[in-house]
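What follows is a short report on a single structure.
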Amino acid sequence: AQAQTLRIGLESDPDALDPDRSRTFVGRIVFTALCDKLIDVGADLSLIPQLATEWSFSEDGKALDMTLREGVVFHDGTPFDAAAVKANIERSKTLDDSVRKTELSSVESVEVLDATHVRLNLSAPDAPLLAQLADRAGIMLSPSSFDSDVAANPVCSGPFKFVSRVAQDKIELEKFGDYWNADAIKIDRVTYLPIPDSTVRLANLQSGDLDLINRLAATDAQTVENAGNLVFAKAEGLGYQGITFNIMNGAKADNPFGKDARLRDALSLSIDRAAINQVVFAGLNAPASQFVSTASPYFDPAFPVPARDIEKAKALIAEAGVSTPLELELQFPNRPESQQVVQMIQAMAAEAGINISLSAKEFATMLTDQKSGDFQASQVGWSGRIDPDGNITGFVSTGGGFNDGGYSNAEIDRILAEARAESDVEKRKALYHEANVILNEEQPLFYLYNEAWLYGVSDKVAGFTAYSDGMIRLENIELKQ
Amino acid sequence: MNRPMIEAADLSKRFDVGGGFLKPSRLLHAVDGVSLSVNKGETFAIVGESGCGKSTLARLLMRLLTPSSGRITIEGHDISDIAGADLRQLRRDVQFIFQDPFSSLNPRLTVAKLVAEPLEAHRPEMTASQRRAEVARLLSQVGLRPEHMDRFPHEFSGGQRQRIGIARALASGPRVLIGDEPVSALDVSVQAQVINLLSDLRDSLGLTLIVIAHDLAVIRQMSDRVAVMYLGRIVETGPTDAIFERPRHPYTRALLAAIPGPDGGGGAGLAGETPSPIDPPTGCHFRTRCEFARDECARTRPPAEPTGEMSEVACLRWRDIGEATDVMPVAPKRSAAAEARFRLYRDAMGQTENNSQQGNNR
Amino acid sequence: MLSYLARRLLISIPTLILISVFVFTLQKMLPGDPVLALAGEDRDPETLDRLRELYNLNKPVWMQYLLWAKGVVQGDLGVSIRTGLPVSDMILSKLPVTIQLAVMSMIFAIVIGIPAGILSAVRKGTATDYAANVVALSGLSIPNFWLGIMLILLVSVKWQLLPASGYVPLTEDPVQSLRTMLMPAFVLGTGLAASLMRHTRSAMLGVMRQDYVRTARAKGLAERRVILRHAFRNALTPVVTLIALLFGELIAGAVLTEQIFTIPGFGKMVVDAVFSRDYAVVQAVVLVTAIGFILMNLVADAANVLLNPRLRLS
Amino acid sequence: MAEIAAPVLPRAKSRVWRKLRSHRSAMFGAVLVALFAFLALTASILPIADPSATDWGAVRQAPSAAHWLGTDELGRDQFSRMIWGARASLLAGVVSVAIALLVGVPLGMLAGYFGGWIDAVISRCTEALLSIPFLILAIALASFLGPSLTNAMIAIGIAATPVFIRLTRGQTLNVVAEDYVESANAIGLSTPVILRRYIFPNILPPVLVQSTLTVASAIIAEASLSFLGLGQQPPAPSWGAMLNTAKGFMVQAPWMALWPGIAIFLVVLGFNLLGDGLRDALDPRED
Amino acid sequence: MVTALTDDNDNLLSLRDVSLNVRGHAAPLLDGVSFSVSRGETLCVVGESGCGKSLTSLSIMGLLAPALSAGLRGSMEFDGQDIDLRDLASLKRLRGSRIGMIFQEPMSSLNPAYRIGDQIAEAWRQHNPGDGMDQALEMLRLVGIPAAERRLRDYPHQLSGGMRQRVMIAMALVNNPALLIADEPTTALDVTIQAQILRLIARLQTERHMGTILITHDLGVVAEVATRVAVMYAGRIVETGPVEAIFTDPQHPYTIGLMSSIPPLRGPRERLATVPGIVPSIETMPEGCRFSTRCPFARSECRQTPPLQELAMRHFAACHFAPLEHKLKGAA
């Protein structure tokens, strides 16, 4: 039979195809086909075995023991074993320009117990570590490929092996015959094509030049559904979009919104999140109220999406005793969707007496300005992590890597640290509830909506499932001619 | 009367041509060791073929170009390398008339502006209305109607424009007027008008005139003395009649013989063409086309030698050649009836000219 | 002739240095820390510092320039901060794409523009001339990117005749390669064809006023011969120069066209690089484009020298 | 009877004007430009909808009686946004060319008139800028200055400057060689006067023609930058920005992309026609 | 000088009643221009700039701009053949083969892109078999270009103005035409070169027994080469006759005015009599006698167009008052 190639349209070109240097989301999508990790994520966001079949934390939480799958080989034929795990984790921790170092900062050493058993010794208990090992930090490269240019020719143990890449054009992979789960793989080749323009991506799907497109524009969903030969697929996402305020980062924090939580709340209350979702996203995303989405087991039903309440917003402003109209500078990345969202917010806030002036920035510029405190409020988002810690700690803890607003609350710092060290789910939930109460009061940032993962799929493709982590898993996908 | 107004001594101008980045430069000798002296109140003509350096010489004399070597004096003052206020004073005393009446007037300025400009530059004390009156006076002086002050140059015919150019040159009250082929671009009829105008102006204003031309008839009509140029050098100077009736230099003879006319010009005419001024012949520049050339002509640059009659000739062999007489064509003799017609015409013209002169002065 | 060209090349060296200094300073003035853009969601101070160190971003600007210039002289254009690939490799892989696009557009433009220009000059004032002018002006006035969008909408989405995007190397599948490039080349070529037509027309009109064209007619030559051999031959000089100049416009046009049709070429690379502050790439692309531009001018000069005996013999 | 000085030629200034007036396509271009200019100038007093009034209930509606040109992604009236967008486009075209003129013409005149090292420096820099493709330069400059209409105008202005430097320099060289400049020298006029009265007015016609044509390309450039998100910022409308948004709704609401495209086309066509007409009218050879 | 007696049997070209109207103007640019040229004869057409000399010659060649040729009327008899001047195809057949033409500007009249040998040969090839290079070489020798073999391969810019004009002559004559039209062939040249070229044309013309129309505004040239003269003014021929008659016995006030304007080469230098004003343009063309606006003798009769009247053997003038000395006595 003819070799079956699945052509997938991505929204941008991945960066370096080296798990220790990769930073982009689309890069992770490609790694899903190319590389296996120690741990995988299931449809329900639970952690499930991949290269590791079993794992457990020691009593004090300072050691993680893992049992490895047997009979796994890398694409170059090198067998996978405990030594390979050790080599990979050490590479991630030591490579000059590795961006995995923070994720693995709690790992002090890796012990090879025997060929199929390995122990990670930790400096402190680290519950989110498992989630990191389910991501790029857990990707296993063939140790014999370390010396060559990994990004130019990554050698992993995933279901597909690397064939070629033309930057900004395409990445081609072909089926790896010796894959441990080869039976689940029904296609011969897969090609990823970066096409930034969603219309063009869709046009290619419609014309049959692509079989599957990632990040379908919400407004195009109807088109896909209406087309006879296309299928629309969707999964709830883990990420969010919100508004971050400058609370204490430099001179620009000195504005009414930086100083008074009531005003931030008033702004939040003036926004009709459902309307935004409806107008901009055809109702396909979910209005958001907290740092995790409903897809996450950690979602806290005690914090529902705030309904729009102009009167209350006005009351809060009056209570704060500031003169109206209030002025607020809101920066946002110059992408069409963000642009629509902030324009709606601008219109809505005006009704509560808040004059928003918009300032579009290129993403790079915006991040820099945010970091240096050159902003009052910023419309930003986060692509989301499986572990709730990844969605909150860096953003609100004192000195956190993403805490650009300079928010600082000792109580929050304590609760989040505790939750991080705790591996019991229920106990963690309780801790996060505590945090939510405080954060809801102080509103250093508030949430607008959770993005859903939207796909357009050709009806020739069978067996495609959308996952909440946004990865495209190729197991069980079939192509009909 | 015979005091020199302008004198040039061993004047040279070399242009750097063909040079450029990483390219050897070559020198073009446009004017090559020219000496001359023009007396007050006389009309001095320079004649020669295209490219022989007439215009360059004229521009040197009024310091639009700076000489490469040699000296120029005006009434004894050295002006070879003056600048600033002295140069401005020179611009007042010496004025220029251009060949091309189409390109020498700024098309974006009105006639009034054009003529007023030198007044603004040299007589700043004048008020605007004084200036306007002066412009009107100048325009009628050159035979233009002052009503047309506010028009633009291209609304005038070639002859009229040349008059505007002359009015503009007269505005600063110069004592010397240099005309670079002032009538060459004009039709004969208009040419005659401008020739008459220039000689009238010279007489009424006591100007010293230096006129460049290549039309020998025009030169004879206008000038008191003539200099003949060939390839950057003056080969012969002298009073006009002497040059026309008794030319000594072989080149002058050839020029006169080449004037077209009923007898087909005298003799065989001049063969060949003017060599390039970048690599001129050694010794006498004319020797390559000269029927009298000898070996010595290739070796020595002929000095200018006086021949009597206030003439000078730069030829090694002028004594051997002797003077030629009557090389010019003879006009056919008109019938008596025709002479009568010409007289009639002249009389009638004199009248109309007077009429229009009066009309202008009204 | 050769020495003339060599001289021209030498003259362009300072120009190139100026360009590189200019682009370099401009980039350094761009707001936005490339390292932050690069680190994306994985940023912590240590990583950032390490990256800065790695890409020399912590050194004074003039040092950075000198380091870069030293590399360039040695043939090393640096490493893309975004993809981690050597910039020279990236450029080499993109160049054929844009060149194919440029050549196809240029062929289109020449095939349409020059004959139309000649025709409308010869038929000056007639309906043909008028029509050609209207079409040409329209071609110049339509925004490229809009034309591209509309074509995608009609040709790809609605009629599904041609692919909306992508690139297939000519060597891999010539037919598909031409198919994918057809629309972009058309979009890019319309403006060029229009420019070329107008310039050919005005050059022809200028030449046809010349005395030697009248001489050719006076010899009794056939009109066709007068126009092609005597007039067009001399109008060719400005047209050739224009074609070289249009090369610059082509690259600029390619920026948007490649963006719209998602063609992995030079133009797309440079826009992406500007937005992601990929200094080395922007720098190199501008330099390479400028060299290309200068070379094209040189080619035009050489062509003119060949076409023009006056230059050839001096 | 025999007037020596009876001028018989028609008045010439009016000749250019007459030629332009009888140039049908130029007049058509002028009308187009005037129409859009009128709309742009009077946008605030025309009886049209508020261009930024949103209506969540009526997003992306096809043209109808209520909304002649339909509504956009936030339910704003496209017709009124088109008219307000004319403001941005024309402003961008005119202001950026003004910037280019203000910088380019004096520099070009200096280079052409004085020659020597001044010319060498200016010409080298111009050449360097010219060999960077216009749009790439504009994109780099615009992203350096930050996305906004003003900055886009500055970027386009700077990017267009070298063209004017080169044109002005070349024209100045031509004009300097004219006899009338030498005659100004002969009269004894000072350099500033010569530059102002002799050089400047005479280099103006081609500069004027080029300006008109550059306005046309500047409008396209502004649209391109806005299209890339580097120009006019929301909620203020501009045609390029409208196209940028419309691009996302090509399938559902193609008219959103249609109007701005047509408007850009018409204005640019208008300027091009006008420029061509001016060129013909000012060309002494075309009689 | 060439005073070859020509009889009408030898007639080569008769131009009959050529008029050229421009749309939107009542006055024609050319108005009833007629003349004839015999074999071996040189007809000089003189007149000021803008009198229509070039238009006349271009009409004969069929080379008027298309916009102008629409308003052309008139015919000619060439070599026994009757041709309407609007019949461009017939004119084109004659062009270059039976009628040769040279122009004023030797600098721009040759195509800078081709070798001169090629350009001459091309004229041959157009009308004859063979590549024409031999003929080109022969012609170059004939027009007196030294080292002709080498010059054959030169480009125009490598030649001086005089040489180029020789090349133009070679090109015009390579097909041995019966008629040569030279439109101010020496105006752009220096006097010494002008003399060479005039001599060359005269020599070739006698050798080949060509009819020649020489257009000029230099009366000296006319006196030198003409057998007959036609004086043109504002699109009309105002006086025509044998060269001796024109110079010894000019009749038309315009001819007289022109001659008076030329400074004399001999005799006393006195103030020049001029022709005031300028040639009227198509917009300002007077009714009747077109010279009346500049004529010192103009009277009311001049509102009527004066016919060309024969005042002496083959000497015609178009003036109501010719001969002036009789008709104007008393009136003045």
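Per-chain residue numbering starts at 1, and chain names A, B, C, D and E are given in the order in which the chains are listed.
By our rule, a residue touches a chain if its C-beta (ideal position, glycine included) is under 8 Å from a C-beta of that chain, and two chains touch if they have at least 3 such contacts.
Here is each chain with its UniProt name: B = ATP-binding cassette domain-containing protein; C, D = ABC transporter permease; E = ABC transporter ATP-binding protein.
Everything numeric in this text was worked out from a predicted model, so none of it was measured.
Chemist: What shortest step count links subunit A and subunit D in the network of chain contacts?
Modeler: Minimal hop count between subunit A and subunit D: 1.
Chemist: Count the touching C-beta pairs: is A-C or C-E ahead?
Modeler: A-C
Chemist: How many angstrom between the C-alpha centroids of subunit E and subunit C?
Modeler: Spacing between the chain centres: roughly 54 Å.
Chemist: Distance-wise, how many Å sit between the C-alpha centres of subunit A and subunit B, to the nearest whole number?
Modeler: Distance between chain centres, rounded to whole Å: 90 Å.
Chemist: What whole-Å value do you get for the distance between subunit B and subunit D if each is reduced to the mean of its CA atoms?
Modeler: 49
Chemist: Compute the distance, rounded to whole Å, between the mean C-alpha positions of subunit C and subunit D.
Modeler: The mean C-alpha positions of subunit C and subunit D differ by 23 Å.
Chemist: Which positions in subunit D are in touch with at least two other chains?
Modeler: Residues 1-4, 8-10, 143, 146, 247, 250-251 of subunit D touch two or more partner chains.
Chemist: Which subunit B residues touch at least two other chains?
Modeler: In subunit B, 157, 193, 352, 356 touch at least two other chains.
Chemist: Going by the touch rule set out above, which residues of subunit E reach two or more other chains?
Modeler: 276, 278, 296
Chemist: What residues of subunit C sit close enough to touch subunit D in their complex?
Modeler: So the residues of subunit C in touch with subunit D come to 14-16, 18-19, 22-23, 26-27, 29-31, 133, 137-138, 140-146, 149-150, 152-153, 157, 209, 248-249, 251-253, 255-256, 259, 267, 270-271, 274-275, 282, 285-286, 289-290, 293-294.
Chemist: In the complex formed with subunit A, which residues of subunit D make contact?
Modeler: Per the touch definition, subunit D meets subunit A at residues 52, 54, 56, 59, 73-75, 143, 146-147, 229-230, 233-235, 244-245, 247-252.
Chemist: Spell out the residues on subunit D that touch subunit B in their complex, using ranges where they run on.
Modeler: 1-5, 7-13, 178-180, 182-190, 193, 197-198, 201-202
Chemist: In their complex, what parts of subunit E are in touch with subunit B?
Modeler: Spelled out, the residues of subunit E in touch with subunit B are 1, 48-49, 160, 162-163, 190-196, 198-199, 202, 217-221, 223-225, 244, 247-251, 253, 256-266, 269, 271-276, 278, 296-297, 323-325, 328, 332.
Chemist: Name, in rising order, each residue of subunit B that touches subunit E in their complex.
Modeler: 49-50, 157-159, 187-193, 195-196, 199, 214, 216-218, 220-222, 244, 254-255, 257-265, 269-271, 273-274, 328-335, 337-338, 340-342, 344-353, 356
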